[in-house]
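Handing you a structure now.
For reference, chains read A, B, C and D in written order, and residue numbers begin at 1 within each chain.
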Amino acid sequence: MIRFEPREYVSTRRVIGAPVFAALIALALAAIPIWSAGADIATAYVLMVNGAIGSVFAISELLARATPLILTGLAAAVAFRAKLWNIGGEGQLYAGALAAVAVGSGSLALPSYALIPAVLVAGALAGAAVMLVPTLLKVKLGADEVVTTLLLNFVILLIVQMMLEGPMQDPMGMGWPQSEPVLEEAMLPQLIARMRVHAGLIVALLAAVFAAILMRRTVWGFEIRAVGANPSAARHAGIPVTATFVRVGLLSGAFAGLAGVGEVAGLKGYLTADLSPGFGYAGIVVAMLAGLSPLGVVIAAIFVAGVFVGADSMSRALGVSSYLADLVVAMSLLCVLISGLFVRYHVRIGGSRATD
Amino acid sequence: MASRAKQVANGIIGGPMSDAPAEQAAVLKLAGITKRFGALLANHAINLDLYPGEIVALLGENGAGKTTLMNILFGHYVADEGTVQIATPGGELRPLAQGSPQAALKAGIGMVHQHFTLAENLTGIDNILLGTRSLFSPFASKRSARARLEKIMRDSGLTVDLDTRVSRLSVGEQQRIEILKALYRDARVLVLDEPTAVLTPQESENLFQTLRSLADEGLSIVFISHKMAEVLSASDRVAVLRHGELVADLPTKACDRNMLADIMVGRHLEPEARMEVDKGPPLLKLSGISTGHGRDALHNVSLEVHGGEILGLAGVSGNGQGALARIISGLELPRSGSMEIDGRRLKPAPRTVMREGLVRIPEDRHRDGIVGEMTVAENLVIEDVRSKAFQSFGFLDFSAIEERAEEAIEAYDIRCPGGGAVARLLSGGNIQKIILARTLDKEPKVVLAAQPTRGLDIGATEDVHRRLFEARARGAAILLISEDLDELFQMSGRIAVIHRGKVSPPREAAGLNRSQVGLMMAGQESEDAT
Amino acid sequence: AVAQEEKLKVAAIYTVPVEQQWVSRIHKALNAAQQHGDISYTFSENVANTDYERVMREYAEGGMDLIVGEAFAVERAARNVAKEYPDTAFLMGSSFGPAKPNFAVFDNWIHEPSYLTGMIAGKATKSNVIGMVGGYAIPEVSRLMNAFMEGAREVNPDVKFLVTFINSWYDPPKAKEAAFAMIDKGADILYAERFGVSDAAKEKGILAIGNVIDTASDYPGTILSSALWHMEPTIDKVIEDVSSGNFEPADYGPYSYMAHGGGSFVVDESLADADALKAAREKEQEILDGLFRVNVNDEEPKSTL
Amino acid sequence: MIEILDILVNPNFWAAAIRIATPLIFGVLGALICERSGVLNLGIEGIFTAGAMAGWMAVWLGADLWTGVAVAAAVGGVFGLLHAILTVPFGLSQHVSGIGVTLFATSLSYFAYRTALPDVSSPPRITPFQPLDIEGFSDLPFIGAALFQQTPLTFLALFLVLAVAFILNRTPLGFAIRAVGDNPAAVEAQGLSVFGLRVGAVIVGSALMAIGGAFLTMSAFDAFFFGMVNGRGWICIALVVFASWRPGKALLGALLFGAFDAFQVRLQTEVGAFVPGQVFLMLPYLLSIFALVAAARKADYPRALLKPYFKGQR
């Protein structure tokens, strides 16, 4: 039998060491699929590191991929703190992207310094609005938000498709289901010339700092934590539970919406229905890897992005099936997840059973 | 008899053989049980024997290690040191595999946990039968089982509707199911962890009658309790734990209330002297409050509580106290009627009632009183985070919060590693102290204290009582909702009784006696009391 | 034999798995070229939209001579990247034109054989209802459907069409359900733009018209006629141009025309009506001789029932 | 209006509804078993994919169809075991573990498929399950056409609805599973193993999910495709709540969903020109949300759902 005994005291070395160790184990495990695909394992690791951080290009790519993950990770982290299970980051991301296109593709003629904020605000509002629905259904009618947010992902994606094939279709798009491009003035500036990492990263980092301060240092954060940990005690103590849920829902949705803005106005320039390869879902994992800590989300997002970009590049260089990258990411997630146990508990195997 | 000599040598008061027939062999033998939780020594070298047909009361302060010891016996925990031996039906002592409830059940140990272990989505009979039959038997005919259970119910007097979902049963009925679970499995040792904590006086009385008759049949019973009266009246023997050590093992005959209290706490307790305070103006006024339906309803309830007064509200749990407390706390709006605090009529909501100077000690402190995952300091300010004292422009003032925590920990003797400790890890008594500190320190006009000492040990109870008296002395109006008649008579100036959602007019406690109140709690109006 | 180092390095980027009809044709042509020893070929499949640009850049940085892919839905990124690597040749499937200095385009211009399959289908239907299941109503799809419908109408003015788009490139069970629905509505010939349609036809014992790839052997007795796309002429031409240093950002689309062998028309003669086949063969010759031009119509086709 | 009625009275429409519902029935039963024991299994989407791949692959390599189903179930069980270990004894977040399992199972299936079949240009096919033609029954007027176009797996699914309902409501095992999902301490106090029950339930539930996946490649279709599961797993998670954790209602929910989907496809050819197809595609999701709101108050969900249980810890 396996037993877990909570640790009295958890050293910082352990908190940092365990996930690093877990990541190494995951990479070691990745040798199995690499080997089974017939590639050279040592070369693979070199290529993987190079692909993730071996050049300015690699780092730019890593950060570009981490950007939406930070935001969807924050969306999950703040909501989960209040035990508002927002599984709808994906839909909120698309809503944000849709709003960014609606505002940024010509309907507003503004200079850059006004249009970019307008696009960001529109995206955040759209994400927030989408999350408001399940939040209200939960607090007013008691409908389980895991399911409603999950289902809304599909609904939003269908709305996006509908818009892309209907009113928002690019007339110059030759019938392709894609939106009109976002104006140059609405595009988030690139941070490094000719590289993809864009100002959305700054937005994401600011959002993380904002969330960290909000959660730790403000009354609202206090109330969110209290409602998450024990809603009935919070209510008894006079904390406005419904308002807190609504606040958290709006904030969570806004973060996910911003992720969508970044993808459209930072990277692609227009919206298609395959904009996100599941960033909304990955954000949940990022948030949990980070222990729901907003600043931890940044690190976790960079880690997840790095593993993906590195493994993806490696698979390409070796001519191994590119599904390897997703596999390595999944294995890393599981390993890091398990390592969390060793941080919080003494794990005893066997146990001191006196007699049998 | 070597063990006894050793115990005496260890400085234990009394000994296990004091009263039991010497020739009779023990059914259960705990020897040298030690259990650590991290640095905490929850049980230390405990030796305890149990003989057929006796009822042993296990006594001790909160956190003394009673539940831990019984959990080791039942296999929920594994002892770090020591052995548990249990007699076979033939009378031969055999070591019991530790860490296996299944082995304990098989060996004839039954346990009624402090928190009931019932699946509420199943019926009583399904709960009882759980684990008694092969999981893979395709059919679950209950006919023979039902017949046996009905016989057990007849013999023991523990009657309950077996086919009702547990979620629809009262706590008393749920407890009967718990005991039936053990009896159905032919338990020879029955452990009950604070069985009366949630029972009404009548239910408790019935329970102990039943236990006595079961003991007469040969069942050995250990029960844990904080209530001196029932320990003295219902047990044959008393074992006292203090800080994880067995400090006394005495025949009940040889004990009295004060002596046990002193052994338990390790110091002498002075009962709080009741002093009279001048009654002030009515600070809490309820008029014609009605709400809800069924068991948890209120019908036209009117009450006035004056400053400087403790008004006791007696009643069997489930007669509307919950609804009343929720309305006064502002958690629920009444269907009709009004509430005034210090002459101001208001729409109850947690924040509005607090603003008017009403504080509340909730009935279920774990559910409504504290946020277990947050720190002691955070729990101390949770009602006031929005006040200027602890925040500016929405940002928390950490130094003020810390200062407040230190001050309260000091003033209320909250035993914890510090303000940064996680509240969940504190004992019940200390959790209650957090709630007392954050409510009574506000110099409230009105205090709603719902079951404020439920589950607390004597020391902690005294502490709560003292704090409430202090608040009264400062002129607060206190509404004390309790099922404990001792407490009500000790604390209250006037007593009202709630029955089926109706509240009787309060009467001076001095002019009432316990049986009158008991009758009123059962729904019988006593005319002569006026 | 050409030495290893001199082999042209070609990479392909696909947004879908290589089994997907359209992409499979490119993949097949490039694999064939590799087999001949003309090129060394690597590819990335199922590349997510966000990753497309990175993959392009990685290949360009990796010293590829030629990068083949689909610019659909990643048009802007693809064109930007190409501009930044002027020494690399890009050949992208695109609905838009080529761009200097190095962005050549191609497309599946098999509207000609599609028209011919329409002529076969139009004669073969007895209920005069033909069901058509497509992915998305994009030009690449609509154009072929319209040509097919025109061909069918030419030989049978009474024919009606049911058109459904499943809004997915790749959901065979869904395509199959859509096809079943059309059979319920009386269709006795199905135009199988997507995987899954022919399965429905086979199960219900009716005929289907193939598109892009030849699936006749998978559904014996079901595929009446197919309009096939062959990417080899395009790929061979572009490889030749790049090798010889004559690569121009041109439109390689015409290499998909029948005249270049990029499109072909096949019929299961045991299933087709002899007269219809004869008519279609005649029309085929006219097309090859340049005497007949099939209309290019990119409008979304609609049901006419 | 007439057209809509036409659709509804057509047995082929109902046949399609049942066909679309079949994988969902497996999935929703699997998810229901897991959740009844107290474990949310968001690994379902990946387990569907793994089942679809493994079952198909086994048959493609030469196994017979039922062996393929067994292989799919076994593979699903293995992923279920992974999820169970992470969430039951380890007590890790069920949300994250589930999503992790989905990522893992999906990517492993894709990687394995592509590594095994690197050079296919069209998906290899197998001979799938054929409709169960029972002499006599198939000719029944309406039912015959609707029901006996189905393959044996559909009948297996329908049988499993009864079996799961029977087990949960009538047998000691079912009582134990329901109890462990309500209050694990109750189960432990009666000498049963919380871990054993939960791990077992998650394994069995996951095996059912995987059969749902196998239905896609071995009955609804005859080849494996990337992305072919396409959100069907998530739908099951929603349907479980819609069904208030009851097998009978789960069947109803899956059929309703299937009917909506089949209806949508048929309606598109009727009015597709006027209303975007997405509107119809949205309907089942919106309907589920409405049903959820309507049922939210009454549903007695497993109280211990999402809560890890550690022996001897408080």
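Heads up, the rule we're going with is that a residue touches a chain if its C-beta (ideal position, glycine included) is under 8 Å from a C-beta of that chain, and two chains touch if they have at least 3 such contacts.
Bear in mind the structure is a predicted one, so any value in this text is a computation, not a measurement.
By count of C-beta pairs in contact, A-D exceeds the other of the chain pairs B-D and A-D. Annotation: 46 Å between the Cα-based centres of chain B and chain D.
Inter-chain spacing, taken between the CA centroids of chain A and chain D, is 27 Å. Separating the CA-averaged centres of chain B and chain C is a span of 77 Å. Rounded to whole angstrom, the centroid-to-centroid distance between chain C and chain D, based on C-alpha atoms, equals 35 Å. Residue positions of chain A touching 2 or more other chains: 6, 161, 165, 323.
Across the assembly, chain B contributes residues 78 that each touch 2 or more other chains. For chain C, residues touching at least two other chains, in rising order: 46, 167. Each chain pair that touches appears in this list: A-B, A-C, A-D, B-D, C-D. Those residues of chain A lying in contact with chain D across their complex are 2-4, 6, 33, 36-37, 85, 87, 137, 141-144, 146-148, 150-155, 158-159, 161-162, 165-166, 281, 284-285, 288-289, 321, 323-324, 326-327, 329-331, 333-334, 337-338, 340-341. On chain D, the positions that touch chain C within their shared complex are 10, 12-13, 16, 19-20, 110, 119-123, 125, 216, 220-223, 225-228, 230, 261-262, 265-266, 268-269, 272-273, 277-278, 281.
By the touch rule above, chain D contacts chain B in their complex via residues 170-173, 175-176, 178-183, 185-193, 300, 302-303, 311-312. Against chain C, in their complex, chain A makes its touches with residues 51, 57, 61, 64-65, 161, 165, 174-178, 181, 194, 196, 263, 267-270, 272, 274-277, 309, 312-313, 315-317, 319, 322-323. Contact residues of chain D toward chain A in the complex are 40, 82, 86, 89-93, 95-97, 99-104, 106-108, 110-111, 114-115, 118, 231, 234, 237-238, 241-242, 276, 278-279, 281-282, 285-286, 288-289, 292-293, 296-297, 301, 310-313.
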